[in-house]
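First the structure, then my questions, so here it is.
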Amino acid sequence: MQSILNEKKRFLVINPNTGWEMTKQIEESLKGLKLDDVKLEVAANVAGPVSIEGHTDEIISSYHILKLIAERKTEYDGYLIACFSNHPSIKALRELTGKPVVGIAEGACYMAAMAGNLFGIVTTSQKWVPMLKEAVECFGIKDKCAGVFSTGLSVTELHELSGEEVEKEILNAGKKALAAGAEVLCLGCAGMSGLHKRIERELKVPVVDSCEAGLMMLYSLCHMGLWTSSLCMYAPNLPRETINLEKDMEQFYV
Amino acid sequence: MQSILNEKKRFLVINPNTGWEMTKQIEESLKGLKLDDVKLEVAANVAGPVSIEGHTDEIISSYHILKLIAERKTEYDGYLIACFSNHPSIKALRELTGKPVVGIAEGACYMAAMAGNLFGIVTTSQKWVPMLKEAVECFGIKDKCAGVFSTGLSVTELHELSGEEVEKEILNAGKKALAAGAEVLCLGCAGMSGLHKRIERELKVPVVDSCEAGLMMLYSLCHMGLWTSSLCMYAPNLPRETINLEKDMEQFYV
Amino acid sequence: MQSILNEKKRFLVINPNTGWEMTKQIEESLKGLKLDDVKLEVAANVAGPVSIEGHTDEIISSYHILKLIAERKTEYDGYLIACFSNHPSIKALRELTGKPVVGIAEGACYMAAMAGNLFGIVTTSQKWVPMLKEAVECFGIKDKCAGVFSTGLSVTELHELSGEEVEKEILNAGKKALAAGAEVLCLGCAGMSGLHKRIERELKVPVVDSCEAGLMMLYSLCHMGLWTSSLCMYAPNLPRETINLEKDMEQFYV
Amino acid sequence: MQSILNEKKRFLVINPNTGWEMTKQIEESLKGLKLDDVKLEVAANVAGPVSIEGHTDEIISSYHILKLIAERKTEYDGYLIACFSNHPSIKALRELTGKPVVGIAEGACYMAAMAGNLFGIVTTSQKWVPMLKEAVECFGIKDKCAGVFSTGLSVTELHELSGEEVEKEILNAGKKALAAGAEVLCLGCAGMSGLHKRIERELKVPVVDSCEAGLMMLYSLCHMGLWTSSLCMYAPNLPRETINLEKDMEQFYV
Amino acid sequence: MQSILNEKKRFLVINPNTGWEMTKQIEESLKGLKLDDVKLEVAANVAGPVSIEGHTDEIISSYHILKLIAERKTEYDGYLIACFSNHPSIKALRELTGKPVVGIAEGACYMAAMAGNLFGIVTTSQKWVPMLKEAVECFGIKDKCAGVFSTGLSVTELHELSGEEVEKEILNAGKKALAAGAEVLCLGCAGMSGLHKRIERELKVPVVDSCEAGLMMLYSLCHMGLWTSSLCMYAPNLPRETINLEKDMEQFYV
Amino acid sequence: MQSILNEKKRFLVINPNTGWEMTKQIEESLKGLKLDDVKLEVAANVAGPVSIEGHTDEIISSYHILKLIAERKTEYDGYLIACFSNHPSIKALRELTGKPVVGIAEGACYMAAMAGNLFGIVTTSQKWVPMLKEAVECFGIKDKCAGVFSTGLSVTELHELSGEEVEKEILNAGKKALAAGAEVLCLGCAGMSGLHKRIERELKVPVVDSCEAGLMMLYSLCHMGLWTSSLCMYAPNLPRETINLEKDMEQFYV
């Protein structure tokens, strides 16, 4: 397929954690979409925790994403943040690049909103329930969300446990979501990528793979020639005096 | 680009009105996206008013869309309703086909929500302001909408007036939207398709062409292998006794 | 009682489906109110499905209501749409007649809001749950609604099953509503008309018969000399060019 | 017209203030509806301020309404509180009588919601703007309210000034309401009763007289045989030990 | 600690009911905070019911609070209404004094909002559930409230039953709140003062004592030199003509 | 005044930026409260931008706050984040310490909610308008907020410009807030600390100094013996494998 620019779009996909399995999993899930006019680069953070499970993790991983961006001089046509959350780096990259930047959570939520009446989110640990409810509110889509439902598994357990065990817990949480009025499910963790078809077969409702949804949304924005509005919320970072900033990051303030 | 099914997707794009110009305009706008793994069929209603300007129009045009669907035995992979509204036919086609069905208004709103903080909708006559506010609420995305702003033009005037006049009114309404906090604009009428780039140049914010957005959303849903959940809201139409139904439509009830 | 016009008000009550039982049931329920300064005409659609159970039904029945209106040259003082939903014909009749037009669902909801703190809606099949939740939101009264609760019965089963069976299912759904915080119930289907007193006796809370509520609301609007504002949302249908419109309907566009 | 009980309904209309003009005005407005199967008794408070303009007034007037009720042993079929507010006595009378009790503000708001898309409230002094916004929220109907607009007049000025001056200020406030999206107006003070038709002629939108609306709503509730749910919010006042209570009021606690 | 005025602040704490135990309990709970730059005066109503359990009680108790205020010529720096509700006297005292006036319910809710993500309210009888839900909405903090949960106990039973029985019911209601997503609890009755630490030990979440929270909020407002804005909602009561007003209260109208 | 623990409370106040003036200003404002049973330690970030003006700044400053915390082994009784925003470090410190942690924005908003009906926020640059609107939503207090109003000044200009110029712009923005229905103002930047009394004198409404409000809220939480609920949203950070984490920070993951 021809892109508007008649050349391949370059997307940088960022896994905010440092987990090798998840990075591979994200890459496979995205490659599976076979968008052959897109050149995908999938990067993981080189420092930080192996999974994103809370607020401290979000700050540390966002900081390292800024470093990662600072170090890559090359231009990308768009950025995908592969963490199912309202990850702080999404807003920062919009501010710093002015390019389309999509988080897999918002992408999945908007996509799910078109695949049925209400969607439910299946997440990992209980702690993600309030975190994702707040995220959904910030995405402005809470009226279409029937709730967030925990599998009780930590992010890391998604890889430590057998596929059967993981699938079983996702099915249990998914059934709770359907009982609460959801008609579509979002798998609320990049670590669940690739499992959606099996869940669909069991529950007979559309199940949104968040990485796929995020990529298709980013692809759509770019294909339409859209970018991030820098009028106000995402106005460029102001040049300012800084102290003891890591070298690379100084460029954000000049 | 290869679709999952390794063959071209077939989309039926429906212009609910009977206006020839608008149908052409929609077709051009969609063709411009050059999705070469998609086979687009663009159909207009064969009966009804030349434009959709209110509630009576919505019913008549929805009825004729049902007839149009009833007459086309061929299968499509997805449906795009090219009227910027919460057009009743969207829900009906979801119910009847179980396939992905997207309205250009919801598609544009969700897309706009990722291109900046708040979006504003520029529409035609004043009457569309409350109609679209209700639509945005039904899409569950009102928290991201800064408002709906009328150009004061009727749908038909979009083609009767010169491009300059139309553009001028869109710019005026767009400025009102920005003053109200919008950072992204949606052109809220299929009849405004193709004008977005000119508005972007003037206002320096992303402007979403609703037909393009609708098609990309439909494309994304299909490309991900998603469909419409038939669990509850869009459960299949029940077989029932009917009276004096037009022949073709009886199939919906058997 | 004397009406303001010192003559009987003429109301047209429309049953959007083609079911004979329900039309009779509606008529009996309304006659029971003995508003002797009102001349009631109860009409059912002459074409379409025997019950309204979804989105396709709503379009087909709304279309035939437009035809029904087009064919009746006589003037009415007000219109009552006897389907417990946000039936598209309500808005269209407001637009076409400028007269008071009430749907039995909105009438029942507002009435219930004055009979106690929160009301619950008891409906037929599960599919009506999301449909009525959206309706209640469009009526702007969701903050007073404790939820919508399904009996699991289809509309047609209301007449096929024995009164005892129907009553039993309504009681079960009603108890769920009370458990969810409802203090008043609305019987959410014209086909439940006349059952409210029996439910009241069992559950000891006010139970609103939607047809009665709709008629009293319409009566009140007319008695006060109110009409439908045609300022914006319900501005008259614009005269326009049409194609292949059924003869009678052309009058809507001249 | 025959009431269900085949005898006249007895309504007690209470003007919470002690102003003679307003009591007369309310009575005339209600008599004008000629509900000849209703026996209206209009009572004003015998103690307290001449108008209700704030929170202290609401408490004092509510207290005296309790006394008024305590002293009237006779039974009424319903009660109308003729103050355009969320007057505390409404809830108390629901609790004490279990009969239908309507406040003219809620009655007018729900009625207005059926006469057009959004309604606006025209009130007296600026102080009533936040008070009525909170009231509208408590009625659960804020989504249909385009705002509350002050005439800048105190309640007493409604009678001190000439009809022309009062009308002029109501028109100015009404125009602000229409500019804000209102399509129907509510005259937000019992002291404005009877002026609605003149405002209608000027502004060409339906204008709801709050006393009339309140009475029609009360009439409708009674005519349908509804009452106030005493399940929870309005459960009967608990018998309890009291100290130094005025004699008459003790009956509320035995 | 030195207050801004370099002298002790004088607070009037008002228990709207006439129960001796509760007044003592409130006093002990507040004294326990040892704010030694505050001079606390704790007053109970001298007339009215022994507990506040509904709408009639709220009016009678508010009326007597006005009398209490009218009789105390001395000035206070702030007022605390020790009833866990949206007690009408709060607004009236703001209007009459212009000083900081805090209700223990709003104080507890805002405090709880900073001690965790969502708070739940544990209250007495079922009737308080809708009453407090409406209160929380009026405080503008409903988005942080996971719900209101009844112990099934009347206010008076809090003193009639043994501490163990009361504690047991509070624990049961508290567990329901946690199950509903609350992470912090508010003890929703002045009669529960002093029990919070025991509940904390059992449930391992912060438990807010509403009297303590109310006093700290009042203390904070005064310590910062804040007062009640008299711009609009709490503008001073207008001087007006009154009839048969109790002597003391006339001062409110001159 | 004696604290419950009969010893001084130790609070760590953190200025997330590296500006010397603002740190001094915050310290003076807090010292002015003369809480003599509190030991205040005011720290500024040792690395990062001189002001917080956007999303990139929030991440960098939050990261350095984590380092600051990691390096301070001593225990504090509470933490105050002196940036008027929904600063990411607030949630992280709640997660890491379990102690009371208050941001000056939430503290000011809740305090303002008790000083009048609606509050308005006066902020620096236009970019903070959407940022603070989102913050107010996350605090769950948006229903009490009349809006956020920009002075058009950058944070740094607050110190570069003369007091008169700054005051003039704050007054202009404040007047816009009052016109929009605000009755209380919050000065929405730590850099505005100390100006509130001058604004109060001009506008005659309570003006909340955000640093003072934040400290009083933190003081109140601690004085009541409250802490941060670690049940779910702020559950302790999970011990996990990390890569290349800065030494000090590793303690967060063991």
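For clarity, chains are labelled A, B, C, D, E and F in written order, and residue numbers in each chain start from 1.
Just so we're on the same page, contacts are C-beta pairs under 8 Å (C-beta built on N, C-alpha and C of every residue); 3 or more make two chains touch, one makes a residue touch a chain.
Quick caveat: nothing in here was measured; it's all calculated off a predicted structure.
Looking at subunit D and subunit E, the chains in contact with each of them are C, F.
Between the CA-based centres of subunit A and subunit E the separation comes to 45 Å, rounded to the whole angstrom. Subunit C and subunit D, compared by their mean Cα positions, are separated by 27 Å. In subunit D, the positions touching at least two other chains are 117-118, 129-130, 137, 181, 183, 232-234.
Of all possible chain pairs, those that touch are A-B, A-C, A-E, A-F, B-C, B-D, B-F, C-D, C-E, D-E, D-F, E-F.
In the complex of the two chains, the subunit B residues touching subunit F come out as 117-118, 181, 183. On subunit B, the positions that touch subunit D within their shared complex are 129-130. Residues of subunit C touching subunit B in their complex: 18, 46-51, 53-60, 62-63, 66, 88-89, 91-92, 94-96, 126-127, 129-131, 134, 137-138, 154, 156, 232-235, 237-238, 240-245, 249, 252-253. On the subunit D side of its complex with subunit C, the touching residues are 1-2, 33-37, 100, 102, 106-107, 110-111, 113-118, 137, 139-144, 178, 181, 183-184, 197, 204-206, 208-209, 212-213, 216-217, 219-221, 223-229, 231-234.
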